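Structures follow.
Both complexes below contain subunit A, partnered by subunit B and then by subunit C.
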Partner chain A sequence: MKTKILILTVLFFGVFSMTKAQTASEILDKADNVITTSDDITQNVEITLIDKNKNQQTRTAVLMQKGEDKRLFEFTSPSSYEGVSFLSLPDDVMYLYMPSYGKERRIASSVKNQKFAGTDMSYDDMAAKSYNDNYTPTIKSSDATSWVLELIPKTAGEYSKVLLTIRKIDYIPLKAEFFDKANNKIKVSEFEFAKQGNFWYVKTLTVKDLKTNHTTIMKSSDVKFNQGLSDDIFTVRNLTM
Partner chain B sequence: MKKILFLVTILFLSLSIFAQEEDKTKISGEFITDQRLLLDDDYPWVWNENRLSLQCDKKISGSSKFHSDVWFRNMGLPEFYSMSNLYNKTQIDPFNIEIREAYMQTSGFILKNLDFTVGRQFIGWGTADKINPTNNFDAYDFEDLLDFGRRRASDALKLTYYINNYFSVEGVLVPIYRPANLPVGIYSDALYQNFFQSDMLNIIALSDSLILPENKFKENFSSGVSFKGFLAGFDFSVSYVYGRDFLPQPQTVDIYPVDALGNAIIKTELYYPRNNIFGFDLAGEIKCVGVWTEISMVMPADDVILTSNLHTVNPMTYEPMIITADSIILEKNKLYFKYVVGADYSFNHGFYANIQYLHGFLHERGNEELNDYFFIRLDKSLFYDKLKISPVSGAFIISDYSDLENNYALVYYPEISYKPTDNFELILAATIMEGKGDNMFAHLKSFDTFIFKAKYHF
Partner chain C sequence: MREKLSQGMLKLAELILKLKIPIVIFVVLLTVFFTYKAKDFGIDSDISSSLPDSDYDTKLYKEIGDKYEGNSAAMIIFETDNIFKPEVIKQIAQITDSASYIAGVSYVTSITNIIDIKSSEWGTEIGKLVDSYDLPDTQLEINSLRNRIFEKEMYRGVIVTEDSTAAVIVATLMPDTDQDSIIEQMKLKVNAIKPDGKIYYSGIPFMMKDVQSIILRDLVTLLPITAIIIILILFLGFRSWRGVILPVLTVMISIIWTIGLMTWLGVKLTLISDAIPIILFALGSAYSIHVLNRINQTADKDRVKALVQSIAYIIIPIFLAFITTAMGFVSFIFGSYLTMIKEFGIFTAVGITIAFLLSVTFTPSLIALVKSNKNDNTKTEKNQIASKFLKPLSEKVMLHPKRIVMAWIILAVVGAVGTIFIERKVDIVSYFKKTSDTRIAQNLADAKLGGSSPIYFLFRGDVQSPEFLQFMKQTQDYLKQNCEYVEYTMSVADLVAQMNEAMGEGNKIPEERDKIEQLWMLIESEDIMPQLVNYDLTEAIIQGRFASLDSRDTREFVEDIKVYLAENQHDNIKVEFTGMPSIYNKIDTSLINSQFSSLVLAVFFMLLIVSLTLWSFKDGLLSLIPLLLTILISFGFMGFTGIPLDIATVLVASVTLGVGIDYAIHIVSHYRNYLDETKDIKTAVSQSILVSGNAIFINVLAVAFGFLVFLLSNLVPLGHFGLLMALSMIVSGLAAVTLLPALIILLNKKK
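Up next, the complex of A and B:
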């Protein structure tokens, strides 16, 4: 009995001291690491768009990511979107390739906060970016199971702040709430993570635009880690191939 | 006709061969119907186009692909004047087939960083919106003048060497010369007037003959090289092209007066002069505004001289005589500049604005002949891009600043598009033109149109 109590006490104080000791930046850094544990990831994505009248449209895409900051997203259906590709690279560089146009086009900053292909995500949301590199975090609140971090963008953009809920036990992000410049909550994202082997990935991402009552659900399937994706995939050259 | 059947057979054989292979052959396409009527008293029908475009994409290996795009079209309005015409289906139901693209592309050709593309392909140099003065390989496709940025692909060999992720060098060879095609339907006289207009004469009959380049490689080919890069947040390229003008320039004009009132018959010969063209383009953003510029510096390889022959009668001897005068239209090695400057910005709530200034339209040549064009477009997207309205869209053209009242054109081109589903789009639009003087759009002022289009992707 004494041994059990001792273990529980050690565990309690251990967790308590661990949580107390961490800064917001450290927590966010660990959350970033959970999201990008593998060197690369390839997955099929099914995107369901649901409007306020519950009408649904479905799109599919392939998403490839290498490291924290290289991502290629290519639509595979419907046919009007097929081949439309979005490439995000380090230093906030983004390209859009449209087969009908025949060449890539760099995405200007004014476009980055626009909705991406009819979804509730902006181009900026779609880019591969670490939270810690782009936001300054502070701990807004904490309970037994999660932290809520307030993230202030390092450079002015679409949002004035983001409230990110992170699960304490494994640093999994659970929810992100986005606020506009007038401090109105405009969008909520909910993450459902799954584990495959040693790696976590976002199995389902639900994004709701609170103004339009429009929802985007992205579901991942056929997820593959560490396939040795070449850097050549994440190039403008590859967009036209 | 045999040629068309042959091409279609080849196309379908290719498709069936690819279809038999096990993977990654994709057939996709689009159907579009484009119907226009004049905003005139009787609302006459002036444009009827039903186009089925079929695209075939085949990944031959991880680094090679084949792509083709073929248009099958009912194009034009029925023309029949006698019973005999009714035996001809092409007159009752005009159709044509056009191979827009058909090329093979290989990545890592000989060298890891070298791509090779052969076949009918868009070279597509330039970064400006629709009008690219530095694209001097893909011939102008003026068929539909309202779609004035449209080009025809080049039958070309293209080598692209990627120095790294930011810089590349591209070389292009187009062995066979292909000129621009002129507008059809109600727009057919828009450019034609620019070639043969005369203030002094009333042309009652006009004939022309085109002098094509000799059927030799040396006379036909166009070639060029481009260096592209990304520096300080801007995409840029510098280029050089040695090629022929896509539009013919008059070489000789024979004038046959028929009376003393200025009525005359004109016979003219036209040819396609050679040019050296230096290009530069830049695209990026300044304070969140997308900006671009594109400049072509055209240097005629030879003097373009117009010889005018006035066929008249010697008033003393009453014998026929010819009075000849030469005038230099374009001087050898004398540069003229055509350029575009543009900007766009995406506002919140789905507003998008695009403005562009163009000096020198596609058919204009020589410093004195280049007009100024100001384009503007304001789009508003609604309901997650299902509905897009363009209430402010058009152009303002100035052909003589010193007499603006009599030398301008206004083009208003509002448009509404609605997508009931992802693959289906309906478009309603109108063109309203007003103008005076010597510019292409002023010539079109009596052709205000209402446009209906429906598109379906598959």
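Up next, the complex of A and C:
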């Protein structure tokens, strides 16, 4: 009798876990889809910068994105930064506009590893690209509630690997840990997702640079989805207007 | 009065012997205690710590180091036939990477990671000179990199030599980190990469580390050699083990107490205090020798009585020898601005005092405790050797006193002429031998890579104002155009100007503040920013390197900058200047002042002590003459041989005075004794030459050989110090047995 129950249990869990046995790539794909489901998104962001001595600075900006690779980031405060904009277009084309100069300049692709406007994110980090396109994942560990995927970049970049923690129930990424070429953990990002209507979005993103002890907290508000943003917004002409 | 004094001395001697057991126990216990302390001794090889902490230049230098992520730059120089090869670039990138991963390294700069702001027709690029994730590997890419480097003044001859044979990787170390371990790790990592070329290490951290290991090596190797030499001389002199063991034991205990005391008080060994143990060996063993000598000469059959008499007799002469020597060292405490020299003065004086006290308490106590059938066959042969040389000498002096005085005057005049040519060297690099890698690396860095001595300008005011940045840029332009030895400077004004150029408005500071503020956003998160501006944007620095260690170049540069800053004043901008050239210049000036004031002080002390001892100001003055000539001659020797005045050779004059005065005292006091007895000047003079000459001869030999051991040191200044000390000892000994008697004869003739 006892053995029967045991066998049944083993069978049940065996079958159950087989249905759950997804490949790392599938998991990452689902996580990617959670992040980018809407056609476009408009949001206000508040960026708080905290340095190692706990000094704080706050900046605000409006962020608009259409599809996966059109993005406009425009500062609204402090007053000296007002109007400074970054425009990212497909194929790694990036423009910077400075109102004080009244003109735009294209920014080269090798800048992508550089930090973005005083934050702890690189231009690359800001680009919100799909994980699956850029990394080769393997499952590093798994517990009752989450997976930890080890992501190896497909092309050499700033990081040698990323450990990404993904929540099992809804494939929401919770945390990303970045490692340099000497395998030192150099950066940790934590995501706090929120759902509005049918769409998930990152409500709070906290990035900590472990080497400089500098932290960036990015909070989103007034998030609007599928506003039907025109392609004209994402043009150089619009920058200078 | 003499009667009273010798009565007192007898009582003191009796007391010492009565307390022999407590004395020995006390010495043993204290030695155990100080051995325990001394084992943790530290070494401070930082040249800037030779200035007091309150010194303006040092304070500002340290302040900038603390605020702007470190002022000490470790330089790794990669030398090969041609830097512009894919393999070499790759290895430079590897070294750069692995250096930057070491904890405690704040920032690394090399061709593979240096910031580069490019502007072109189509846009702008704020990035790195080389994409470290996609290193140039085709000849085409390599060529374009080379062109880029050679078109920009900021890179050419600064991170790569103009002949493309060497590149430098500069790692700035955080303040208050364990620099030793960082340096070790760096070397290990570089070795692991197995570079295709020769690697040189330069910059203050590497040099300090090298000095440190040399100091340690010197302590470990030179001390035993000195010990062996002194033991040999002692054994030849006494032909008994007691005559060897007791002085050596006394000196070793003095060394342990001194080093233990230093460690206990948190004072670290420096380039010069490293010499204390050897100096104690050379000078401190004399006191016990005198005590033993006296005991051997006292013929009383009653051992205790003999001991008491010997001690009572010898305590005052030894005290005189001790106090003059100690005063020579004390003159540094009051006569020098430089901490390193003060500490040396204090602790050598302490060590000498300990050696003296032990010699008159511990040594006789041990002798009283250890029963031995004293069988020290006092030597007669040595006297013969000495008299073979001294007898003809004294006859010459008697016959031609004028010639002898003339000969010395000529020597002194030649010496005085040589003094004009004395050079000065205060930089850490000159510690190293010319053939050492450290020295070669330094020459390479100075000649081809923009130098290795950091310089800093600290600007205070409103950093983002056009006026402020304009002033910074103007100062940098001035440095590049007018200062021969400044190739490399870097500031936030550079970055702003380059960004402005990238925005299409030329390599200059924009005139509108909002432009500056917006450009700022693009550079503010650059790794280099915390090294250039403070968080509140109220301060910014220009960092640069100076490519000469010559004290004249350094002084001219520092003076020039003073004038520039005085002529260019702004109401709202305060500028301060510091750097290794300022520190070296300060040490240089202090060195001359030190030499002057410590010498004057030492002369004053000696005159006072000798006049009091001989109870005659005239005789005091007379005793000093041979020494003053000796000092002139040794200065002249420095001038003609090119031995510079440095942190160690600055000590020679006062130490010579303190040690050499004993010879003069010997001669003069013996002369007066014999004159009292014989009433004949000539007999008194020749007797004093024969008797004192013998003692002087042996002492000169022992001390000179002791100091000559320093020639084996790998630290150049210590070698020079030893050579000069040995020379001075020989010259002052010779002067005491020739010049002094000749002067006595001439002076008395006139009467």
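Simple rule for what comes next: the second predicted complex is superposed on the first by the 219 of 241 C-alpha atoms of A that agree within 3 Å, B and C clash if a C-alpha of one lies under 4 Å from a C-alpha of the other, contacts with A are read in each partner's own complex, and residues count from 1 in each chain.
In the analysis below, a contact is a pair of C-beta atoms (placed from the backbone, for glycine too) under 8 Å apart; a residue touches a chain by one contact, two chains touch by 3 or more.
Keep in mind the model is a prediction, meaning the values are calculated, not measured.
A.B. asks: Which term applies to subunit B and subunit C once both are placed on subunit A by superposition, clash or fit?
C.D. replies: They clash.
A.B. asks: For A:N198, using the defined touch cut-off, is the partner it touches subunit B, subunit C, both, or neither? Pick first, second, both or neither.
C.D. replies: In the superposed model, A:N198 contacts neither subunit B nor subunit C.
A.B. asks: Where does A:G102 make contact in the superposed view: on subunit B (first), on subunit C (second), on both, or on neither?
C.D. replies: Touch status of A:G102: first partner only.
A.B. asks: See if subunit A has more residues touched by subunit B or by subunit C, and give me that chain.
C.D. replies: C
A.B. asks: On the A-aligned overlay, A:S80 touches which partner chain: subunit B = first, subunit C = second, or both, or neither?
C.D. replies: Touch partners of A:S80: subunit B and subunit C.
A.B. asks: With the two complexes superposed on chain A, say which partner A:V236 touches: subunit B (first), subunit C (second), both, or neither.
C.D. replies: First partner only, subunit B.
A.B. asks: Taking the superposition as given, does A:N55 touch the first partner, subunit B, the second, subunit C, both, or neither?
C.D. replies: second
A.B. asks: Report, in rising order, the residues of subunit A that make contact with subunit B in one complex and with subunit C in the other.
C.D. replies: On subunit A, the overlap between the subunit B and subunit C contacts is residues 51, 80-81, 103, 106, 108, 110-111, 113-115, 117-118, 212.
A.B. asks: Which residues, counting only subunit C, touch subunit A once they are in their complex?
C.D. replies: Touching subunit A from subunit C are residues 97-98, 101, 118, 122-128, 131, 133-134, 502-505, 510, 512, 514-515, 517-519, 521-522, 524-527, 530, 535.
A.B. asks: Would you pull the subunit B residues touching subunit A in the complex into a rising list?
C.D. replies: It comes out as residues 26, 28, 63, 65, 105, 107, 115, 122, 124, 160, 162, 165, 168, 235, 283-285, 288-290, 344-348, 350, 383-386, 421-423, 425, 457-458.
A.B. asks: If you look only at subunit A, which of its residues touch subunit B in the complex?
C.D. replies: By the definition above, subunit A touches subunit B via 49, 51, 57, 59, 78-82, 102-103, 106, 108-111, 113-115, 117-118, 212, 214, 235-237, 241.
A.B. asks: Inside the complex, what are the residues of subunit A that reach subunit C?
C.D. replies: It comes out as residues 51, 53, 55, 75, 80-81, 84, 95-96, 98-101, 103, 105-108, 110-111, 113-120, 155-158, 180-182, 184, 212.
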